[in-house]
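Read the structure below first, then the notes.
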Amino acid sequence: MSSIYGENLKLSIFGQSHGAAIGMTLDGIPAGLPVCESTLQFFMDRRAPGNNQWSTTRKEPDKPVFLSGIADGYTCGAPITAVIYNQNAKTQAYRQLQDCPRPGHADYTADVKYGGYQDAAGGGHFSGRLTAPLCIAGGLCLQWLNSMGIHVGAHIRQIGPHQDTAFDPLFPQLNQIGTGFPTLSESAGLSMQKLIAEVKADGDSIGGAIECAVTGLPAGVGEPIFGGVESRIAQIIYGIPGVKALSFGLGEACKTAYGSQCNDPFYWNDGKVMLQSNNCGGILGGITAGTPVIFSVTVKPTPSIAKAQNTVNLSTGEAATVSVTGRHDPCIVPRAVPVVEAAAAIAVYDMILGNTQTNRRK
Amino acid sequence: MSSIYGENLKLSIFGQSHGAAIGMTLDGIPAGLPVCESTLQFFMDRRAPGNNQWSTTRKEPDKPVFLSGIADGYTCGAPITAVIYNQNAKTQAYRQLQDCPRPGHADYTADVKYGGYQDAAGGGHFSGRLTAPLCIAGGLCLQWLNSMGIHVGAHIRQIGPHQDTAFDPLFPQLNQIGTGFPTLSESAGLSMQKLIAEVKADGDSIGGAIECAVTGLPAGVGEPIFGGVESRIAQIIYGIPGVKALSFGLGEACKTAYGSQCNDPFYWNDGKVMLQSNNCGGILGGITAGTPVIFSVTVKPTPSIAKAQNTVNLSTGEAATVSVTGRHDPCIVPRAVPVVEAAAAIAVYDMILGNTQTNRRK
Amino acid sequence: MSSIYGENLKLSIFGQSHGAAIGMTLDGIPAGLPVCESTLQFFMDRRAPGNNQWSTTRKEPDKPVFLSGIADGYTCGAPITAVIYNQNAKTQAYRQLQDCPRPGHADYTADVKYGGYQDAAGGGHFSGRLTAPLCIAGGLCLQWLNSMGIHVGAHIRQIGPHQDTAFDPLFPQLNQIGTGFPTLSESAGLSMQKLIAEVKADGDSIGGAIECAVTGLPAGVGEPIFGGVESRIAQIIYGIPGVKALSFGLGEACKTAYGSQCNDPFYWNDGKVMLQSNNCGGILGGITAGTPVIFSVTVKPTPSIAKAQNTVNLSTGEAATVSVTGRHDPCIVPRAVPVVEAAAAIAVYDMILGNTQTNRRK
Amino acid sequence: MSSIYGENLKLSIFGQSHGAAIGMTLDGIPAGLPVCESTLQFFMDRRAPGNNQWSTTRKEPDKPVFLSGIADGYTCGAPITAVIYNQNAKTQAYRQLQDCPRPGHADYTADVKYGGYQDAAGGGHFSGRLTAPLCIAGGLCLQWLNSMGIHVGAHIRQIGPHQDTAFDPLFPQLNQIGTGFPTLSESAGLSMQKLIAEVKADGDSIGGAIECAVTGLPAGVGEPIFGGVESRIAQIIYGIPGVKALSFGLGEACKTAYGSQCNDPFYWNDGKVMLQSNNCGGILGGITAGTPVIFSVTVKPTPSIAKAQNTVNLSTGEAATVSVTGRHDPCIVPRAVPVVEAAAAIAVYDMILGNTQTNRRK
C-alpha cells in the first residue's frame, strides 16, 4: 500500500510539499519508550535546508509538532502522530509545471495516474520534502535503537569522480563522519563541495552514492525469503525519491568474484562464532550474521535544474522547454545522508520489534 | 511477514529442500484466467537443473501438481496451490553441515535464529530450490501478463569479466535472447560457459549479473513512496537467494552523472507523450513512465564450493574446515535468469491487479 | 495492527481524548473524487455532543481540518489526513482515574498493557471520542458510496425495553429515520428519550441496539472465508467502544430456525435473480447477494456513571469506590448511530475498491 | 485478503470440497515448538463426519499430511503446510447445482462473482469442508496454548428450543463438556439429538448456538480500536460458514442492562486485581482483563435440505425447484464446536505472538 511501511510497526507518511502540513503516524510502538525532542530536532536539522551552497534556499524550520502518542516524554502506546506545518510555500513557482512536466520528475507520471487531480505544487506528495516526516520516524527509532546498543551511520561515498574512504566492513568508522559535510575524509568532502558549487553555477546538478552501516545488531534478526533484511531495507530505501541503486556488502563486485574469495569464513573468538570478513554485508539468507549491516545507495542527480530541457505542454499539445527556477538543491546527496540513516533505522527497528529467536535445543 | 509477498495477490512459499514437497499458494487471482500447464512446464524447465556443465547433477523433474484453484483449465477464484514433490533428496550429504555451517550460506544464521530446530538438510527453507515455487507463481503471472501485451525477459549481463550486450533501454531485444544459454551475444555466452567449466574444475564458483526488462506496461502503474515500482520489485528480487545488488535504469552510473544528462526529455509522438531516453529505467516517482522497466541484479558466487574453507564446529566448539561435496551449481546465474523473470512478473502483476487510474479531469 | 483498518484503503486513527488533537489518515483512495466539507460537517454533527439530555455536556465543535490529500475540492491521490484539535479538554476530572480504574472501562487493561505510561485522561486512545475521526473517514466514504447509488442508514432498534420498528429486510425504510432522535417510530423514540432522562437522573446508564442497512450494493462483493462481508464489517464494528454483539440477517433467531424457513428462495424478476426474503442479511458465503446488507449492533451501557462503584486503588493497594463526575452520556446509543453508519461505509467502500468480478463465461 | 488471516502468524486456507486436496499454510510460527500428530488427529476427529445420526454420511478420514515446516516433531521455523487429500468426492451429486443454486448457499453469489468459472462441486471453496484445514491450524495452536496454561473449550448452548447449561462466566466448566455430544448437561444433549433425528427424518435442518471460553489468558493482551480481541476473534469466527451472530459476555442482553449492573467491579485478591463478575466477557477496551474470554456464536440451519425449495435455473432462465440429495448434516452445530475452538485458538495465539507489554513505570 502506497504510503505505509512496516510489518510490526506501521509508518504512514502524509502531506504535500506546499499543502498545509506534512507528517507521519507511527503505530505499533511499545509504551514506555523515552522520547527526547531536542535530540530529534538535532537529527532533523541535518536534513533541513540551510544556508550552505549545496542546498535549496527554501527556509523551513522543520520542527515536528506531536499531536498524539507521547505523554510526559514517553510513548504512551497510542499511535504517534507528528506534523510539520509548511511555512515557506511558494506555489506560484510551480504554476508552469502543471502543464509542462519536468524531465526526471514525477510530474508526468503523477499526472497520468491521477488524471490531473494531483497536487502538482512542488511535486506534491512526491516531493523530497516528504523525507522530513521519514526523518521524524527514523529519528525516533534511532533513539530507541541507540539505547539497545545499535547504531546507524551513513556518509557520502562518492559524488561525481570524488570518492570518500570506504567503511571498514567489520569496524565501520561511524564516529569519524564529519559533522558538517558527512564524509570520512575531509579532503574528499572539500572536493565534493567544490564540485557542487561548480555544478550549481552551471545550472546543473550531480548524483552520488551514500554508504550506510548498522552496528550492534545481534545475529538472527530477519525472516526468510521475502522478509529478509535486504528485502525490508530495500523496500524503504527505494521509497526515498531519487534512489536508483542499492547493494549490500560486496554488491555489484560480486559479478567478478569467486566463491572462495566472496564467502566469509567462520572462526571462534572467545566462545563466539565470528566472520573473518564481511563480504555478505552482515546478512546471510536474509538474516543478520552478527557483523555490521552495510549497504550502498546511489542517488540520481536532482532532476530540477536551471538549464533548459525539452518537455511537452500537456495543455496545448505542443513541444516546450522548461528551466526550473524554483529553489532546488544542486546535489541532494548531502541532505539524503540522514534520510538513509532514518530509513535504515525504521527498517531495523521494525524487524527487531517482530523478532523471534528460539532458545537453543539441548 | 517472512514467506509471503504481495499487496493485491498474496504469494506464500513453503517447503524445505529435502522435505516432502515444496510449493506455493497464490491468493487473490481473479477467476476465469486460462492456465496452460505445458507453457508453465516449459518455463519451469528453464530453471530446472539439467545435464549441462553449469548446473547441479541433482535430477528433479520439478513438475508442479495443482491441488486447488484451477478448474477446467481456468482459475476458479479460490487460492491456487501447487506443489512439487521432492524426489531426489539426499539428506546424508548434509549431515556434516548441521554442525559445520558453510561460509556464505544461511546455515549459521538459521541455526542462531531457530536454535538448532531448523531443517538443515540442503539449506532447508533457505535453499535455492525454493525458487522453483517462485517460478510456478511467476510462470502463471507471465501467462496472464502476456495476454495483456506485457512481456518480461532477462539475460545474463555479465559473468566474471565476460559481458553480454546490454539491452537497448527503449527497445530491449527480448526476442534475441538465446534459448539455451540466455545471452544476447552468442560469443559472450560461449566465453561465460567456458569460464564456468573452468571454475567448476577448480572446485570454485563465480558470480554474475542479470539484466531484466518489462515491456508493454502503460504509464501510471505504481504507488507513491513505499509502494513505488522499485520498492515492490526490490522486495521480491531480494527474496531470491544470493542477490546482493539491484539497480534501475542508469543505476550506479548515476553517481557520476549530471542532471542535464540523466533526465529523460519528453516529446510528442503522434499525440502521445514519449521519453527520448530511458535513464530512469521506466520509473519516475515510483510510477511507470511508459518506457520499459529495466533493472539489473547482481548474484553472488554460489557459496557451496568443493575447495576447503574455514568454518567452526558448533557441537565441539573447535575450528573446522568444510568442503561441500553435495551437488551444486558452479554458477547459479544461468538458472537464476527465469527466476528473476518470475519475480518481476509477480511484482508487476500484483501492481496491475491493484492499479487505479483516474479519468482525465476536464 | 492496532489502529489501522482496511485491505484496499488503509484507515489509521490517532489521538487521545485530551491530547492536542485526534485525527485520521485515509490512504489508498483514488484521485478525482469530490469532497463536500459541509456535507461532511453535517454528518459529523450527528455524532457531536449537543445540548440535548442524552449526551455529555462537553462542547466540542468537532470540525475536521484537512492537512493533506485534498486539492481544489477533490481527492488528489495522496493520503488524506484530517485532524480535530481538542478544545474543551478538562484533564483534572480524570486525575483520580489514573489510580482508580473505572469498572467497565479500559482504564485497568490499558494500565496493565502499557505499564502506567498510557495517557489516562478521558480514556486516552480508548475514549469514545476516537469515533469522531472514524466519522470523518466514514463520512467521506458515504459521499463516494452515495454517488454510486449505495446508501447506508441506521436507527436505534432498542433501548431498555423500548423497541423501534424493525427495518423491512428487503426494503429498509432509510428515508423514514427521524432526523433528530434516530428512530423509525416517533413514539418509540419518545419513550426511549424519557427512559434516558430517568436513567441520567438516577446517576446510571443504559445500553441498546442499533440496526443498520446498506442498500444498492450489487451481488458479488466480498471475498471467501476470512474476507467475507461479515468478517470485514465485524472487524470495524467491534472497533467501536462498547459494542458487545453483532448479528446479520436473522441473527440469533437462527438458533431456533429450520432450514426450510431460514433459506431465502430465488426467483426470476424481469430477467434478474431475486431473493424472496432476506434472512441471510444480504450475504451468502461472505459475498453480497444483491439484497440489502442488514446487521444489528448491541452497545453496552456507558461504563462511566455517577453511582458509586467498587474498584481498587492501584497506587495504595487498597479497595476504593469511584463515582464518575466527568461529563458523560447516560446512553451512548443515539450518538453511536452515525458511528455505525460510518464504520459500515468504510468497510463497504474498502470492499468495493478491491472488488474483482469476472465476466460471465460463455 | 480473502483466504488469509492473522497479524503475526499468517494462516492461508486453500482447496475445494471435491478438488484434489484441501489444506493450509501457517507462517510466522516460532521454531522449536513440539507438534503431537496424534493429539492433532484426536482433535480433527471431533469435527470429522462420523457414523452418528447428526452428520453427513460422506466418509473422510481427514488425516493431515504435513508437507513442510516440521522436522523431528518440532516446528523448524519454515511455514507449516499440511494437506488433506480428498478421497470420497462425488461430483455427480452436484451437477444440477451448477445451474440451480441452492437457497441459503454460496452457489449463486459465487456464480455472480466468478462468472461461472467457480468450482461448484460441493460448494467448492465455500464448502464447510474447508473448516478441516482451519482445524489443523487451530489444533496446532491449541497445543501450544495448552503448554502456556491457556485452554479453549466450547459446547452447544442451544439447538432449537433446547438449551444447555451456560458456562459459569468466571469459572467456565471446560472439563465437564461431554466427550461425545458436546454439552454440559447430558439430558439437554439427548433432547438436542432427538430433535436433530426428527429434523433429519423430515428432510429439514435446524440451527443453534455455541458458547466458547478461553481460560488462562493474562490481562493486557490485544490492541486498541481495530486490533481489539473482539475484532480479531470476530474476523475469524465469521469466516466459518453459516455463522450469523457473535456476542461477547452479556452480549445482546446489554440492550436492556443498566451500567450499574453491567460494569464488573474490581477488587483485590492476594495482591492481584480481580473482577467480581465477567459481564465484559473478559475484554475491556479490546484488551483482555484477566477473566475468561467468553463468546457465543449462532449458526444458521444447514442450507442443504431434502425438502423441495424454489430456485432458478441460471441456464434456462426458468423457475426451478431443488431438493438437495447429497450427503449433508441436518444440524451442523455439533461438528462446528471444535471449529469454533480452532478459530478461537488461532486468534488468541496470533495475539499472543505479537503481544507487547510494558514493564511497570516506577
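Letters A, B, C and D mark the chains in the order given here, with residues in each chain numbered from 1 onward.
As a convention for this text, a contact is a pair of C-beta atoms (placed from the backbone, for glycine too) under 8 Å apart; a residue touches a chain by one contact, two chains touch by 3 or more.
Please read these numbers as outputs of a predicted model, since none were measured by experiment.
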Result of counting contacting C-beta pairs for B-D and A-B, higher pair: A-B
Most widely separated chain from chain C, with each centre as the mean of CA atoms: B
Centre-to-centre distance between chain D and chain A (centres being mean Cα positions), rounded to whole Å: 45
Computed distance of Cα centres, chain D from chain B, in Å: 39
For chain A paired with chain B, centre-to-centre distance based on mean C-alpha positions, whole Å: 26
Multi-partner residues of chain A (at least 2 other chains): 1-4, 13, 31-32, 77-78, 110, 113-115, 117, 125, 224, 358-359, 361
Complex interface listing, chain C residues touching chain B: 8, 30-32, 77-78, 224, 353-354, 356, 358-359, 361
Residue numbers on chain A that touch chain C, as the complex places them: 1-4, 10, 12-16, 19-23, 25, 27-28, 31-32, 65-69, 71, 74-81, 83, 110, 113-115, 117-119, 124-125
Chain C-facing residues of chain D, complex: 1-5, 7, 13, 101-106, 108-110, 112-117, 123, 125-126, 130, 158-161, 199, 204-209, 219-228, 230-232, 234-239, 241, 243-252, 254-268, 271, 273, 276, 280-281, 284-290, 298-305, 307, 309-312, 314, 317-319, 357-361
